[in-house]
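The same chain A turns up in both complexes below, where it pairs with chain B and then with chain C.
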Partner chain A sequence: MSESKGLTRAKEIYQDRPRRVKELKAEGRKVIGYLCIYPVLEMITALDLVPYRILGDIREPITKADACLPTVVCPFVRSCLDLGLKGKYDFLDGVAMAHVCDVGEKAAHIWHIYLNPPYFHFIDTPHTIHKAAQKQHKELLKDFQRTLESFVGKKLSPGRLKEAIEAHNQQRALVRELYELRKPDPPLISGTETLQVMVALMSIPVEEGNELLRQVISEVKQRKDGLQKKPRLLVWGSIIDDIALIELIESAGANVVMDDTCVGSRAYFPDVKLTDDPLDGLAYRYLVELKCPRTFREGVFGETKKDYIKDLESRFSYLKDYAREWNAEGIIVQAMRYCDTHGYEVPGVKDYFNHLGLPNTYLELDYTEAALAPLRTRVQALLEVMG
Partner chain B sequence: MVSEKKKRAINRLQSMYPLRSLVDGMYERAVEVSKAGEPTAWSMVNWWEGDIILKAMDMAVVYPEDYGAVCAAFGAAPAYLERCDSDGFPSHMCGYARNCIGYTATMMDLGKIPPETPMGGMPKPTLLLSSGSLCDARYKWFQALGRYMDAPVWTLEIPHPGVKESQMEGAYEHNISFMVEELKEFVAFLERLLGRKMDWGKLDELINDTIEMNRVWHEVNELRKARPCPMHARDFWSSMPASLYLAADPKKTKDLYQKMYDEVKDRVDNHLGALPIEERYRLAFIELPPWHGLKFFDRLAERGWNFVYESWNYHPPKPIDLSKVSNPLERIARYTYQWLTGYFKDALKAEEWWGYFAYPYLELVRDYQCDGVFLHPLLTCRTATNHLMLVQDRLMKKLNVPSLVIEGDIVDLKLFDPDDAMRKAEAFEEIMNHYRVVRKEKGLNW
Partner chain C sequence: MTKVVIIDADDGICSRVIGPTGAEHRRLANKVMEEALEQANLSFDQVSYLVATGYGRMNVPFADRQVTELTCHARGVASIFPSVRVAIDIGGQDAKGLKIRDGRLVDFVMNDKCAAGTGRFLEVIADALGLRMEELGGISSKSTSKVEISSTCTIFAQQEVISRLSEGVALADIIAGLHDAIASRTVRMVRRLKIEPDVVFTGGVAKNMGVVNALRENLECEVFVPEEPLLTGAIGAALLGKELTLQALAKGEPIQRKERRLEEATFFNTRS
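Moving on, here comes the complex of A and B:
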């Protein structure tokens, strides 16, 4: 294990993600890959397995996945599958996927067929947050637990599961503490550095991630050579798992001070409530509290009248809080090309930001590094509008 | 010289025409009902999960997915697509959705149904019924219509388990229980929305009639296993909306399907195929056809290509005995779930992990003895496209059946080039001939 600490350590992990889990494998630990943020990490951790998030690579041309998934679907998912087919996830002992979106679901079955890992489980996450959907989600998590137990050959006790929940909640609290350091003007940590930390957390066991976060927070708090004051931006949208876009925005003359993406606050802000039956808290958090547009939400359950602004409030009001608390002056609305769940949301979320009086711009990404450069002018135009 | 009337390339079934006209009536009825101040719904195709309930509540329903195809065929789609794009929706989204969003925006601007729109248009709905089945667009799109109109949205849930997961102890029960709970809530919601109570007796009868209607429709399609195949895909596509959209009283529709059964059975008994010439190749067509270019199939028919099966998902479910299930909502849940998961047990035995959209073709292509498969990736429909490469791969690996891939779209007419497709099809005949020999060598019986 590397001797480095804090931000340096986070950057090292970011640059060579599998290194640490491969070391752990050599020590006899098993690693479970997961796609997106819906597989329940606490169950994996509680059974002494290491959860490892499957991400893509914007620098790696997609070649092998072309034979399994057409070019008109999410390039991020295609990239993940491509890396899998090229053997770059061969170190995984198992994979857990969920019905995160249409393409994510299909990619799960394709992964199962073509990569056939020793352990595979698919969680059919419901589309709504209705009471019946929450109950169904709990049943689905029981099924997930059973297959994990069967894979490791031991039962998971509620006590052990609670310990894992506490460890992951600890991580979430530390991430929120780290994000607090983005509130000052100028922020104490850049968006680029923050993303490196987030990716690192998704690549190592939770306890090591918690230690890393403590080091990063301590280091950042003591910084003397902080950032400069610049226009403050919030970034909303599809997955960003590479620093290139954030670097581009920051190098165009802005500070990215807050995000609502799934390698960021979306994945970490909600805690799991400690309930008598831990599955209740897990089922609720992973279905209701994760705010990805893949889930259908409505202002009031079963309401027979529709009010557009109320509907937007019910879906996006947390963004108003983010913008206020982090003092964001402008918004980057970004979505991956062919990402339907975010794509349908774009005019609505822009309407909402316009309603709040927050200047915003829309960027469509195709998950390649080369295609990012032309977006700089869009960012610059937004910064000009913001004055 | 005596001029001879040109023979039709496909012997169309006479029993198809009354079934096809049922769908035209759907639009007229919705407009009339709306003018009379009665409630109407726009619904996603939901495989009878919500349709039967809406029908029992006397709601007139239209299907914007179907209307997308209508607008494409009538040339009305480009203006609606342009409107949707100019309102800031990404242009890579579903063509049907973009058409509907553009249509809705135009209708709400005008304060009435756009005057030149095809089939009399879709009236402003009282309810938007979206569905979690098969694709994200089918619930995100109706949510997005909130920008333009105040109709409430209800989203129907249907589980999509993995093949292995679906067979875990207790999985079937909790999946059905989930659907039943959701349907109870849906009925309660409708009762609040419409201010009237569900007529449970009527619902019960409608369910039975729908199941019976689809049983006959299934039997019609079973007859197509015969050589030569007595019914071409064009007749299937013309007849399927009557079932898929529950376009009329299912009792009446059942009678029409029964007439179709009789006509098809007669052809089988007399060894008559859907083509007036020798059936040289039997094919399955996978995914939605180019609605605006169906004449293309006549050109293929002239070369002896008979299309004997179509996309699994537009067919009724494998028959299931639900006569002992007394709760009507549970009967609906089990029926729709059967549609999605009816192949899963067999998929598990075959160790194929995509139980719908992909595995069914391994059974169907074998049972209908197809020489080839026509895959039609749709550039703005990911759901209809995601699985095609896998299907192509599995059919070749397991059955030595080749696929012809021709790109197109459901709304954008420019994306399907029939002349280019024809050139590829001609070359594909050699490939089908080759794999006939390969299959024979491997002991496969067609």
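Moving on, here comes the complex of A and C:
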């Protein structure tokens, strides 16, 4: 299969994520690390700071984090903290974290205490989407803006914020365009390649990411010797920030054609609406439209018990659309070990896919490369079930 | 354990061999294959198709195809019990729940990460008590009030058993408690498949009547056990092999076969 220049560049960034931001730092730019997808990137970009997603490393044994977090919590967050404690995120000028989940909150607190970056902000993101929560979220974003402004020593102009929203929306549109290339059978781009692009986007400034996406899209569209036809899978789950799992699934004889994970469509598909007060659009998108199980949703407020399938429909119907539009024939339901947030959602998601008649299987990840091998049998068995 | 089943065109079993696997997967695959051919009075070339399954399925160099044990077990169980809806398999390596509809696997759950809840759990504790696995069922049948043993960890359960013994609890009651621990742990996992009768129990642990009865109690329904619970996976693999051959013949396609040669062992080489 021909590898385009864009994909090669994405792979290079994937393999050495901090390289570009370190170059930018040498030119005097400041880099803000963020954990999970809830800190508002537009504000960081608008103040000429570079947002940089904090990710873990499944290939690096966790040795330092266990002194300050219990071992029976999210191994991804433990890995991020471990890398921080080992000095691998020392190049960050600041860190923005949010109450994504309980472990995320505690890790943020520990990060603040142990690593004490020049800038630190914690957004107390609400966990429901009720009106009162939305209102509160907007207030919290005002605080985030204020601390960023005082860190850089300048005010954020509404015009600059609007431009940043447009740049990030542009990136979202380009990601959706890239995902269109996964719709043909066989897809024009593999799940592994897509993930490398997604990780790359989270490691470079938004404008550079957009350039990378344009290059990848135009080159992948020209591909003649693409992938082979194989059973088409959708992966639902928590964070997948290393290609090892997707490679394992694809080498077992499938094409991963769609995802609902936070280094994928979940992070990029929803746009920010341009509202008179830009904060309204931002607050709505980052609370209501990001569909991570960390936010509690129910079909009709207070009516969950009346009609289970209706409740599932209202929470997960977008997954039905994904499965139809990308023609997924089977589903991998993935969660990180000890992730209460996703674990809580797994029975409902499985019930929903069973209701749709889509074969599915559950994979629990330990967030170590070594523990992946036994999962191969489950993936192969799913493919056999699909026939 | 490594098993071989050879079937004829009418699904009749020509030979069945069970041997311990040990460390040298490939050498054993050759050895049991030779034995099976001898038993069936066949030359290797006369075998039309060969499916390998299970943990060692990549270590059978002469297999024409690899199929997971989940699919093979489902097929094998359904051939013996056509009305099966849920199969529970507890072996030395893992525990599995299979949902079967019209003889085909439709869903599954699996524990292969922890020894607790597998045959290994009983092996470790039987060893600590100086008993043989085959004795456990008989001893537990004499129990009058089984004790509660926690099923979360094999090593801790072993300590628990020893402290119960030192308290003077009867051996039969302890072993009945162990059987209940493994059964209830498995049932909790398999419930995710929404259990429906008929339920069939296979794998080495199904030879232990104590666990069979504990499963019946936990599930509150009948649990069927095949005459040879170790062989259902191999039977399923043989039936799938026959199906693949017949499909190819019907379509007039060539049958993709590996060379029928029993090569010398290549130690731990997983790439074939």
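Following the convention adopted for this analysis, the second predicted complex is superposed on the first by the 377 of 387 C-alpha atoms of A that agree within 3 Å, B and C clash if a C-alpha of one lies under 4 Å from a C-alpha of the other, contacts with A are read in each partner's own complex, and residues count from 1 in each chain.
We take it that contacts are C-beta pairs under 8 Å (C-beta built on N, C-alpha and C of every residue); 3 or more make two chains touch, one makes a residue touch a chain.
Note that the coordinates shown come from a computational prediction; the quantities given were computed from them, not determined experimentally.
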Touch test for A:His127: chain B only (first), chain C only (second), both, or neither?
first
Touch check for A:Asp340: first (chain B), second (chain C), both, or neither?
first
Partner chain(s) touched by A:Thr377 [first = chain B, second = chain C, both, neither]:
second
Is chain A touched at more residues by chain B or by chain C?
B
Could you look at A:Leu319 and tell me whether it touches chain B, chain C, both or neither (first, second, both, neither)?
neither
Which of the two partners, first being chain B and second being chain C, lies in contact with A:Thr361: first, second, both, or neither?
second
Report for A:Val385: first if it touches chain B alone, second if chain C alone, otherwise both or neither.
second
Partner chain in contact with A:Leu24 - chain B first, chain C second, else both or neither:
neither
Need the overlap of the two footprints on chain A, from chain B and from chain C, as residue ranges.
347, 362
Tell me, which parts of chain A touch chain B in their complex?
67-70, 72-73, 99, 101-103, 105-106, 108-110, 112-113, 120-122, 124, 126-128, 130-133, 135-136, 139-140, 143, 146-147, 293-294, 296, 298, 302-308, 311, 335, 337-338, 340-341, 343-348, 350-351, 362, 364
Chain C touches which residues of chain A in the complex?
347, 354, 359, 361-362, 371, 374, 377-378, 380-381, 384-385
For a test of understanding, state which residues of chain B touch chain A in their complex under the given definition.
87-90, 92-94, 97, 130, 132, 134-137, 139-141, 143-144, 146-147, 149-153, 155, 157, 159-162, 164-165, 168, 170-171, 174-175, 177-178, 181-182, 185, 188-189, 192-193, 352-354, 357-358, 377, 379-380, 382-383, 385-390, 393
In the complex formed with chain A, which residues of chain C make contact?
67-71, 104-110, 112-113, 192
